[in-house]
Amino acid sequence: MKTSVFLGTLAAAGLAAGVAAAGTLADVKAKGFVQCGISTGVAGFAFTTAAGEWDGFDIDICRAVATAVFGDPKAVKFTPTTGKTRFTALASGEIDMLSRNTTWTYSRDVDLKLTFLGVNYYDGQGFMVPTALGVNSATELDGATVCIQTGTTTELNLADFFRANDISYEPVPVETNAEARAKYLAGACDVYTTDASGLAATRSTFENPDDHVILPEIISKEPLGPLVRHGDNEWGDVVRWTLNVLIIAEEKGITAANVGDMAAAPGKDPEINRLLGTEGEYGAMMGLSKDWAAKVIAAIGNYGEVFEKHIGVNTAIGLPRGLNAQWTDGGLIYSPPYR
Amino acid sequence: MSDSTEELHVDQSKMHITDEIAIQITDMNKWYGEFHVLRDINLTVHRGERIVVCGPSGSGKSTLIRCINRLEEHQKGEIVVEGIELNSDLKNIDKIRAEVGMLFQSFNLFPHLTVLENCTLAPIWVRKTPKNEAEATAMQTLERVKIPEQAHKYPAQLSGGQQQRVAIARCLCMNPRIMLFDEPTSALDPEMIKEVLDVMVDLAEGGMTMLVVTHEMGFARRVANRVMFMDEGQIVEQNEPEEFFHNPQNERTKLFLSQILAH
Amino acid sequence: MSVTTEPRQASFRIDMLWTDSRYRSTFLQIIALIAVMLAAFWLVNNVAQNLANLGKDFGFGFMTTPSSYDINQRLIDYTSRSSHSTAAVVGLLNTLLVAVLGCILATFLGVTAGVLRLSKNWIVSRLMTVYIEGVRNVPVLIQILLLSAILDEVLPHPKTAEALLGGFVVPTNRGFYFPIPTFQDGSLYVVLAFIASVIGAIWFGRWATRRQQQTGEHLPVAWIKLGLVAGVTLLTYLVMGLPIGLEYPELKGFNFKGGIYARTSLVALTLALSIYTGAFIAENVRAGIQAVSKGQTEAAFALGLRPSWTMNLIILPQALRVIIPPLISQYLNLTKNSSLALAIGYMDATGTLGGITLNQTGHAFETLMLLMAFYLSISLSISFVMNLYNEQVKLVERTSVAGGGFSVLALFAGVNGKWETLKKGDATMQPNYGVAGWLNLVVLLYGATLVMMLYYLFLDQSEGRDSYYLWGTGKQAITLFLTVFSATAFVTAIFKHYRFIDMAAAELVVFILAVLIGLPFGEMTFGLLDTSVVVFGGLAARLATIGYTVFGARPNVTYFYRVREGSGS
Amino acid sequence: MSSEPNVAFVASGQIPPSAPPASEVGPIHWLRANLFDGVVNSILTVASIVAIVLLVPPLVDWIFIKGVWNAGSLSGCREVIAAAHGEGVTGACWAVINERFNQLIFGFYPSELYWRPILAFVLMLAALAPVLFSTLPRWMLWFSAAYPIAAYFLIWGGLGLEVVESGQIGGLLLSVIIGVTGIVASLPIGIVLALGRQSSMFFIKTICVVFIEFIRGVPLITLLFVASVLLNYFLPPGTSFDLILRVVIMVTLFASAYMAEVIRGGLAALDKGQYEAADALGLNYWKSTRLIILPQALKVSIPGIVNTFIGLFKDTTLVSVIGLLDPVGLLNPIRATAAWNGILWELYLFVAVLFWIFCFSMSRYSMYLEKKLKTDR
């Protein structure tokens, strides 16, 4: 991008400004809670209960971080963000972290100056059509009307996919999943495209899920994960390793139910010992308590438990683990060693 | 013009004119944009004088008296009121306005305040008089204009004549040395004119310096010590009432008097 | 003389700044100016610091990069490879489209409901009251969402859709499909015949009015006009062998193909906005008619005019003057409310420029600035039209020309007047037509040049032409300087400040210099408009401005002052 | 009576009133005069009746007769309807409102503390009373002045009350907070702007005009975008405050431009003589403005201010677009809940009716004020 006249003056005025990089971790500890940016509502990932509590897969990541820092899953406050406001809210310091089905992309990482801390859900964009249309592949969708959520990467993927396959389509932008669902069911669009998890979740809520089919094409990679601002590594480490702890816990078979017993005394597996604070001073390295990981698992459960609780096959959403199985089970969920 | 003035009781003996100068206007000119409203006005008013200004509409008579308390700004010449020159200095303007009372054709009472509040507003806020004192003075003044019983009513509840008397009382509460009257009776019904004129006569008898723009020629004859005729922005003629009415010199004055007294 | 009046032109003291009326207003204004500038500096400085801290840069370069998203409703060519600025233009046009359609429909609804609410028919007037009070008091956002949902649910799927009105419209829950006219050889003659017959009908109407005034005879003018236009056009159409046909939409694959169609989002938005705004207009219409009708109706009846004539000749012309100012401010509200399109995915300016582009590029500052500038220019244009109207109503009343509707042309009627008349545009001596007319022209020209400049600078994407953002800094600066200058002169003219001779003169010098060195207007072309038109138009505008100031006429441009008694937005 | 040339006449007594002829009274006459007065009117009447018959009964059926108030989820509703009225019958599922009513009104405000916003609301009415009804004693205005502080502590807590976070505030409560704060805070700014716009000082006037016209020229939604994504940029680095506060700031600026125009109308309605009389008494600009001009101009402006408030209150729904959870914003998380997936009309209708009740009563009040003002003079 070329320098414009505007930029000259602005930059000149801004040269004097120093970069004020206060540590978010210190700030968070000082104020006593984590301010977590979330979505305004995605089935299974973020929704409100009748009691007025936020709950869901993304929400539990926030709660896990709160537990890591304060030992209390309730020491978190939520800021619902839209596709438009989420990055600004993070960049301006309004929220400390964002856990809102956000796809990790190059430009977000580099250009928007954000740091992605791992992947809590591997997704990909797919298509859902009514079975009655008799469509078996996305390439047969020439001329179809496609419902699509705006403000996400999906509309870019969609444009690229149809352009690459040289077929035409008619985008119907909608603001939220609920709108999309209503439109799709009413037949205002032939196809609904969003992340495959979203498709499955939406389909599960239909009266007759079998009348709809999710096409085999997955047209994009959508690694979703929590993120923080650039240049705040201590805080980033806390969030990253909170997520990793959930993953390792599942790999090692630590659950909310048995973590108390396992943390009571050192066991045979040194990694579990390190993780649960019965060996070494690993928590202190990040400025956290010794048994922070144990508290996280006790309060939230391990990755698999969180998954099953909110979006797994036994829930209304009914997503299979698929790519999101542990690497030991042939999936992509894999944490670096806790060492 | 109107016969209501025939019954005015005027005691000329009570009216004293002193040598002290109340208003001194020298070579004053004023323009509205391109329009030359006031041309080379020269006027000296002694303390205790009662001057009636008359003339056809648009002759600049209202503008003249409005210049005296700076409701209009003159562009050339000099106006000195009670020894204070009217210039761009805002403090002087404030001082002069406190000394000069003005009455309007349309009364301009403040409709959201009671009669008493109308009368105490300026003493309290401009003269910084304590409220009790201001109210006591106001009640006295209202008695002087003969409407003490209306003190707690709102202006809209009063008749036109009563309103104008309240307006006079409002001025008097500031204890002014000079009073300017801008056609005080022309918005009133005939039967109300007299009650206002009575109050004005009372003022004159008290020795007030008065500049009155009016078409009440009876009032001019009995009360004024000088009548001034203006036309097209200039003072055409001024004289004592008897001379002015019976022996006008200027043709325009004659024409005007013949029209206004024909009825 | 007891008082000596030594003119005390005392030397300047510092307290005279606030005690002397000569200096006080200037002093206060300078303080205000300093305060505003400090505040502006503080804000800009904060922005610069914040941007620097975040490592973001400020610039419009991103507008030329491919947008990578598709837009379904578009009036110009656009693909996902087009630039963000093209996407913005698509959005702007969509905003204008919905605004224009909405205003027309809202006027229709509002006038109907307003008149019917005054109807003697009990049930009808009650129904209209229910409509007006029901709709006015519910947020328009909810109405848009609700209507959009209703259209989705109620209208049939394309597979089951049936053509209505003899195939003229096919409503589906994807959109409304209309046939498109196709033009073959000879259709030109039909169009020409149509235009000619319309002109003939207008001429006939005038002739009939004259005749009626002279002889008192009534002709069924409307029927004859209709017959004239329809007859001539139809005849030519038949003679030329039916050259104009209709291409009907057909169901192919997933959707209907062919014809023109309006997406449901467009229909829902237009409908919701016009139903909402129509309720407000209905109240304005009712108030306007009631304001006029009482005594006037009786007077007209007393003169022996029939009720229908009374409405047309007496009530409506007067009521219109009361109705039109609030009506135009309702148009403005409708246009601003159209930004709620993003709630139902209609891709207006807020959806493209302030929506996806902002989202995908992260340049919130730049996109929001452009977006606000766009809405602001629409608002100012609409108030401009309203003020033109008010000016003319005032003129008509002042010169006591009886009746007479509004015509834009009449505003320029004085342009050909005598120079003396123009020079002495004094309201008390002469009707102000001349100066008003000329000055309208000047302001219009200013406005046009400005719009063209801005378009050229930031939006023009024609082939073989460097974008503004890619120029050298010098060229950028000169162009920007010129534009800002033009804009300031324009704004000064708008805000009644008539002594802008220095500004206009300076601008003229800069402008001539710019033309001489060939920067940057040497390469300006706008379709049919040649460079010279723009250059000389700008010159003429500036010269005229100077002329007015020199010759003492007072370009009293009050048109931009809004006379709105707006009720909500 | 008599054709004799003698026209002198003295009434011998009062003629008693008698009943009108049958054609002037009764339902038949009413029908003829009001419904079937001419062909066009008759057609309109018939068309209206047909429309009412086609629309109203199905709606009443759907809303009331087939409506379900108690169920745990949408499918629960459907089962209840199917059980009561047979398969395939549709009816309104008001159970969602039943379950989420408190959420739509208070957001996530702790339910045991609901009395606080309710008390604040009641106190607000009490604080408004002396402003709206001039007959009440003046000392009550002191209470009105103190109210905002009291309301702040009541709603957000502090001073011994349990603290409630902004994030927990939502629903109608949020709309009322934004609307009321916006209108109250915009009043002083609007007064200053209106006075500035009337000023003879060119520069000050220009600043005011540019500000007012700018704000009125752009849609509120763009200003809300500014509040949500840009406002932090304009403040010193590191400052960041609550989104609700930022929205309130923007809404206040927005309302103040409209308020300025309303008050300007009030100022314009004032007689020029009032300014002159104040001048002639020696009151300076600020004193005459405060004592003479504003009290009168504001009184005239009250209906306009109420109308501005209605407009603003309706516009608070736009905050849902930037992720605040007002009643419209709450629809999405509710619809994302598994139990209520697919629910649509009931929520929209409920929110619409909620706003309608508020706005309609306020518009009636403003009409009453306008009428009263007209007769007052």
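All chains are identified by letter, namely A, B, C and D, in their written order; residue positions are counted from 1 within each chain.
The working rule: a contact is a pair of C-beta atoms (placed from the backbone, for glycine too) under 8 Å apart; a residue touches a chain by one contact, two chains touch by 3 or more.
Just so you know, these numbers come straight off a predicted model, no measurement behind them.
Engineer: Counting C-beta pairs in contact, which chain pair has more, B-C or B-D?
Structural biologist: Answer to which pair has more contacts is B-D.
Engineer: If you average the Cα atoms per chain, which one ends up farthest from chain B?
Structural biologist: A
Engineer: Would you mind pulling out the distance in Å between where the CA atoms of chain B average out and where those of chain D do?
Structural biologist: Centres of chain B and chain D (C-alpha means) sit 50 Å apart.
Engineer: Could you state the distance in Å from the CA-based centre of chain A to that of chain B?
Structural biologist: Chain A and chain B have C-alpha centres separated by 83 Å.
Engineer: Distance from the CA centroid of chain C to that of chain D, rounded to the nearest Å?
Structural biologist: Going by mean C-alpha positions, chain C sits 29 Å from chain D.
Engineer: Check each residue of chain D and list the ones that touch at least two other chains.
Structural biologist: 225, 229-230, 232-233, 237, 321, 344
Engineer: Indicate the residues of chain C shared as contacts by at least two other chains.
Structural biologist: Residues 47, 49-51, 53, 149, 342-343, 358, 364 of chain C each touch two or more of the other chains.
Engineer: Two or more other chains in contact with one residue: find those residues in chain B.
Structural biologist: none
Engineer: Going by the touch definition at the top, which pairs of chains touch each other?
Structural biologist: A-C, A-D, B-C, B-D, C-D
Engineer: If you look only at chain C, which of its residues touch chain A in the complex?
Structural biologist: Its residues touching chain A are 44-45, 47-62, 68-72, 79-81, 149, 152-153, 157, 173-174, 252-255, 257, 263-265, 342-345, 347, 351, 355-356, 358-360, 362, 364, 469-470, 473, 476-477, 480.
Engineer: Can you name the residues of chain B that touch chain C in the complex?
Structural biologist: 19-21, 24, 26, 44, 78, 80, 83, 85, 87-91, 93
Engineer: Touching residues of chain C toward chain B in the complex: what are they?
Structural biologist: 1-3, 5, 7-8, 16, 19-24
Engineer: Please name which positions on chain A make contact with chain C in the complex.
Structural biologist: 1-17, 19-20, 83-84, 87-88, 91-92, 111-113, 133, 141-145, 150-151, 155-156, 158-160, 162-163, 169-175, 179, 182-183, 186-190, 230
Engineer: What residues of chain A sit close enough to touch chain D in their complex?
Structural biologist: Counting only chain A, the residues touching chain D are 17, 20, 22, 40-44, 46-50, 52-53, 77-82, 84-85, 88-89, 92-94, 176-178, 181-182, 185, 205-207, 315-317.
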